[in-house]
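One structure, pasted below without further comment.
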Amino acid sequence: MPAYGNDPLTGEVARRFNALFERDVAVFLVSTGTAANGLAFAAACPPYGVIFVHAAAHAQVDECGAPEFFTGGAKLIALHGDNGKVAPGTLAEALAHFYDGFVHHAQPSVLSLTQSTESGTVYTCAEIDALAQVARARRIAVHMDGARFANALVHLGCSPAEATWKAGVDLMSFGATKNGCLAAEAVVFFHPECVRSFDFLRKRSGHLVSKHRVLSAQMLAYLDGDLWLRLASHANRMATQLSSALHGIAGVRLWYPVEANEVFVSFPGDVAWRLMAKGASFHPWQVPGDPAGGRMCRLVTSFNTHADDVDRFVELVRALCEP
Amino acid sequence: MPAYGNDPLTGEVARRFNALFERDVAVFLVSTGTAANGLAFAAACPPYGVIFVHAAAHAQVDECGAPEFFTGGAKLIALHGDNGKVAPGTLAEALAHFYDGFVHHAQPSVLSLTQSTESGTVYTCAEIDALAQVARARRIAVHMDGARFANALVHLGCSPAEATWKAGVDLMSFGATKNGCLAAEAVVFFHPECVRSFDFLRKRSGHLVSKHRVLSAQMLAYLDGDLWLRLASHANRMATQLSSALHGIAGVRLWYPVEANEVFVSFPGDVAWRLMAKGASFHPWQVPGDPAGGRMCRLVTSFNTHADDVDRFVELVRALCEP
Amino acid sequence: MPAYGNDPLTGEVARRFNALFERDVAVFLVSTGTAANGLAFAAACPPYGVIFVHAAAHAQVDECGAPEFFTGGAKLIALHGDNGKVAPGTLAEALAHFYDGFVHHAQPSVLSLTQSTESGTVYTCAEIDALAQVARARRIAVHMDGARFANALVHLGCSPAEATWKAGVDLMSFGATKNGCLAAEAVVFFHPECVRSFDFLRKRSGHLVSKHRVLSAQMLAYLDGDLWLRLASHANRMATQLSSALHGIAGVRLWYPVEANEVFVSFPGDVAWRLMAKGASFHPWQVPGDPAGGRMCRLVTSFNTHADDVDRFVELVRALCEP
Amino acid sequence: MPAYGNDPLTGEVARRFNALFERDVAVFLVSTGTAANGLAFAAACPPYGVIFVHAAAHAQVDECGAPEFFTGGAKLIALHGDNGKVAPGTLAEALAHFYDGFVHHAQPSVLSLTQSTESGTVYTCAEIDALAQVARARRIAVHMDGARFANALVHLGCSPAEATWKAGVDLMSFGATKNGCLAAEAVVFFHPECVRSFDFLRKRSGHLVSKHRVLSAQMLAYLDGDLWLRLASHANRMATQLSSALHGIAGVRLWYPVEANEVFVSFPGDVAWRLMAKGASFHPWQVPGDPAGGRMCRLVTSFNTHADDVDRFVELVRALCEP
């Protein structure tokens, strides 16, 4: 098999993404979401550029400075916003602090939106479009961190094209690992202008896998027969089931609209601790501003969450909260 | 004359700084404040580190991403605070979002304080000490951006040692250009541990001047006979005179305590514009949050501001505001 | 399963490498050899450092500048040497051009040896030891690029410990992909001093795989029952069979001692072209100095090369060369 | 005076360079030659690019990795050549090892020529043109490191335009410090295409001097009334006088044609040492290949070398060599 992406499976991935997005796109596979984001930024942002992100974005909080590393030192500006979303006005206000061509200012280059967001919510197509218009007015690229794109798309019920380039997205990190793949993510360019250097950036960061078909085979299986959407639908349903069942239990508080596969909740007293002690697996969650006084937990459902598991977890919560 | 800092004048600079700070320090001269800050950060912060700054700090706003460049991609976290100052609680809260050794988080490495601040105020020694204690609890270095250190020191009325290392500062950018030099700044290390690589970092960023005595001669003249303090005293006096005189003019609003050589003011209607049209030289000033509704102006006094000029400017303001 | 390497399989990998190398080592898995090399260099070399490599080394020729990228701009110095090997005298001569502590010179930091070499030869343990002594005299780290370490080890017939740290190697890229894994390489540190920052460097370069057990499972299977050595033995045998059979065919010239799984050969006239036209898969090979006048080809055997395939290839060569 | 280059003196510098080079150029001032080279490379070379230099070039040997730093990790390839010059065939051969668009190879981007060379010789316009043709065939930019451009120009006796863009040079570092200025160098672009990002690159590397007129005033004085050419003529004459007088002294060997302001010589026995002991100031000189067996010395004449000093030095040499 030819190495480095010259194999037939990788060619098939390219065709599949064109079909998926109803236009010619350029698609590159890598093995982690951090690499997908970092390389996308490096392609779209000069070293002296600014990348605008939500203050809770993975790229800002959980990638150990990868965006700064891949771009050669771009500046990330963290924007606050309810429910994990950036509001167009907030973006516009932040952009106003940076003057185009003013040599003392790093230059606005990229808006990165997380879809679904770090709060488990989903930008509507209209919301994306409104943000993209603000971005376009300053000629900055719109990037979507779609680590959980499938969950968002299922919630929106629209086409991949409508949820991305038709709403003004220029390039995206198309996640697959969190939704079932072993280790496969795609960087997708909806316009060719940033693509020229991408091959070199990927190679020199060690992200061009020699037996590249290992990535391609995962991605093809993921897309085959809409498996990715079925997996995400299931995960979202489990989240809905979970949040509905938790709703109303004494002392339990839900924090954001549940629109994808994450439920943010706070438990009373030491219930979180006792749930973990009984084997429940979830993480404490810190958010900018922290409305939950340090008590917020993130519950993630996935393609392999069983409805029975959800029920058992809820029963456990109820037993601890309403003894 | 030996080149690259092996000349007698540069040796004398080293002795002078030891005396000035009442301890052995390591001192390196460069020609810009942006270089001084960037190199100081590079010495104290790994590429995966976090540098905490005030949201209005020069390093965050006006250096076109230099800190990110010099450090190889460190992350700057912008902290908000009244009067241009970071509060200890704000720092502590921000630090709490970064877990030591947690691989997904960039690692807290440096707190950078601007003295005097970008709002023309001055941290007291007690305020610095309180911040340094928070920093030390997380083993992060305290950097002072002293582009206007002389103005702050004159206001504080204490010794350079008291205003820096005795209050917990580990390294500083010691400004001289804004207070009279042509182009000379010093990076001063109060502890030797960060110094080892500094020579190489300075050279490879093009900041080792071959005829190094050009920098040293400026710095010696600056320190001779406390010239630097006399120049800063004058600048501060002019700012006080200016703000006192502006106070009470109809529609003129002063925004921050005037403690150094900067006065922040908003003028009514189109007065700012008309002042400029009559030859007054100042800049519109944007700050995070912008309490002045886009009307804030920064008036800077300096070593070569004349009292008569201040009077004339005030008269002009009065004439425009109280016609 | 816990993510990011906190799973039991990854714990088992750590234990297995300790046993393999007969000492405590620190081991980190990544998915490409370019990442393994780049991260190893970043851990052992400051941005102002020098990495000495053979002029034909993969890190110099075939990684699109990855070492420079990962290190933040270290300088690679290419050394020439017969049969793909660096000679101790050549290293000593190159080191003499860099003065320790001399600010104008990038500072010698790493010697990187490729084992087996890019010419299909193998450094003896004595050769490594001699180079390591030159390196140690200047306090620079010895890195082994072991993308084909298994093939070298089988040829040497010694233990992994003898071929590495006992001969003076400080850290290595332990390859597995070329010898049968899908995508798995290890960075191994024989001394702990460089390890502190490695976790952060790996994460921020996007090389911390979330479902890390995917890498660990490959590595465990690779090491189980000495599978890796059996695979490499087979590949080496196929190379020996191939070179022996090619030897003596009219116009065919072999270029280097065949000690691992590569055979370098030049064919007369248009034979190389006609072999490719008949479906043979190999690459033209350029080397510094190019003794073969642009005619050199690299023939690689592997774990899945069949003896029959070798025979068929040789017959094809013979038929074309001796019609 | 407006800061950051918006002053009238800096405007005058721009006009003067247009006149000097008989075309519209873009000119930027910085304070060191290392910065000029590094920033020029950063403007003309992507992070995954290759910069070809002579093995003895300042950028390769004496800048502590600055080119790698400014470019974000470009690769320098050192070319050998007699008399400090790169030969067109050598460049062509080196270029042949890098395939355009081949993802594993860093991509050829810049040829940097040193004029006058590190061996004190001068490329003729025809030699530059021949190299530029090789470069142009691969679409790489031609950079001239003109730290000693004035000395070269005086030797060539042609116009600045003929010695640069008319011979195919795309951008240059125009040195002034070594020929009389305190600290002033210019980066000159003969074509606008690389210029767009330069302002930001300069600022973020700390090389935008706030009181920019300090640099401009130096450069204007340097160019006024052809002062720069008169200073260089004198320096060159002193070198010629020195080499002529040394020629024929027993045991003294001259190594390269003396065409600018440097004389490379080896002295017998311990004469070099004894000259230094008597107060002569020069440096031992190491060159790739070292034809002088470690005995080569570099004697530099300058704008402030007196003919009497040359005579005294020569007499000293004669007395020590022919006692």
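In this document, chain identifiers A, B, C and D correspond to the written order of the chains, with residue numbering beginning at 1 in each.
Following the convention adopted for this analysis, contacts are C-beta pairs under 8 Å (C-beta built on N, C-alpha and C of every residue); 3 or more make two chains touch, one makes a residue touch a chain.
In this text, all values refer to a predicted model and were calculated from it rather than measured experimentally.
Participant: Could you check if the interface between copies chain B and chain D is built from the same residues on both sides, meaning over half shared, or from different ones?
Facilitator: Chain B and chain D contact each other through largely matching residue numbers.
Participant: What is the chain whose Cα centre is as far as it gets from that of chain D?
Facilitator: A
Participant: Quick check: more C-beta contact pairs in B-C or C-D?
Facilitator: Of B-C and C-D, more C-beta pairs in contact link C-D.
Participant: What whole-number Å value describes the gap between the mean CA coordinates of chain C and chain D?
Facilitator: 38
Participant: Using CA atom averages as chain centres, what separation in Å is found between chain B and chain D?
Facilitator: 36
Participant: Using mean CA coordinates as chain centres, what's the gap between chain B and chain C in Å?
Facilitator: 50
Participant: Which chain D residues touch at least two other chains?
Facilitator: Expected reply: 47-48, 63-65, 69, 72-73, 103-104, 106-107, 200, 203-204, 208.
Participant: List the residues on chain B that touch chain A in their complex, please.
Facilitator: Per the stated touch rule, the residues are 47-50, 61-65, 68-69, 71-78, 96-97, 103-107, 286, 288.
Participant: Under the stated contact criterion, what part of chain D meets chain A in this complex?
Facilitator: Result: residues 4, 46-48, 72-73, 103-104, 106-107, 197, 199-204, 208 of chain D touch chain A.
Participant: Which part of chain B faces chain D closely enough to touch in the complex?
Facilitator: Interface residues on the chain B side: 30-36, 38-39, 63-66, 69-70, 177-178, 182-183, 200, 203-211, 214.
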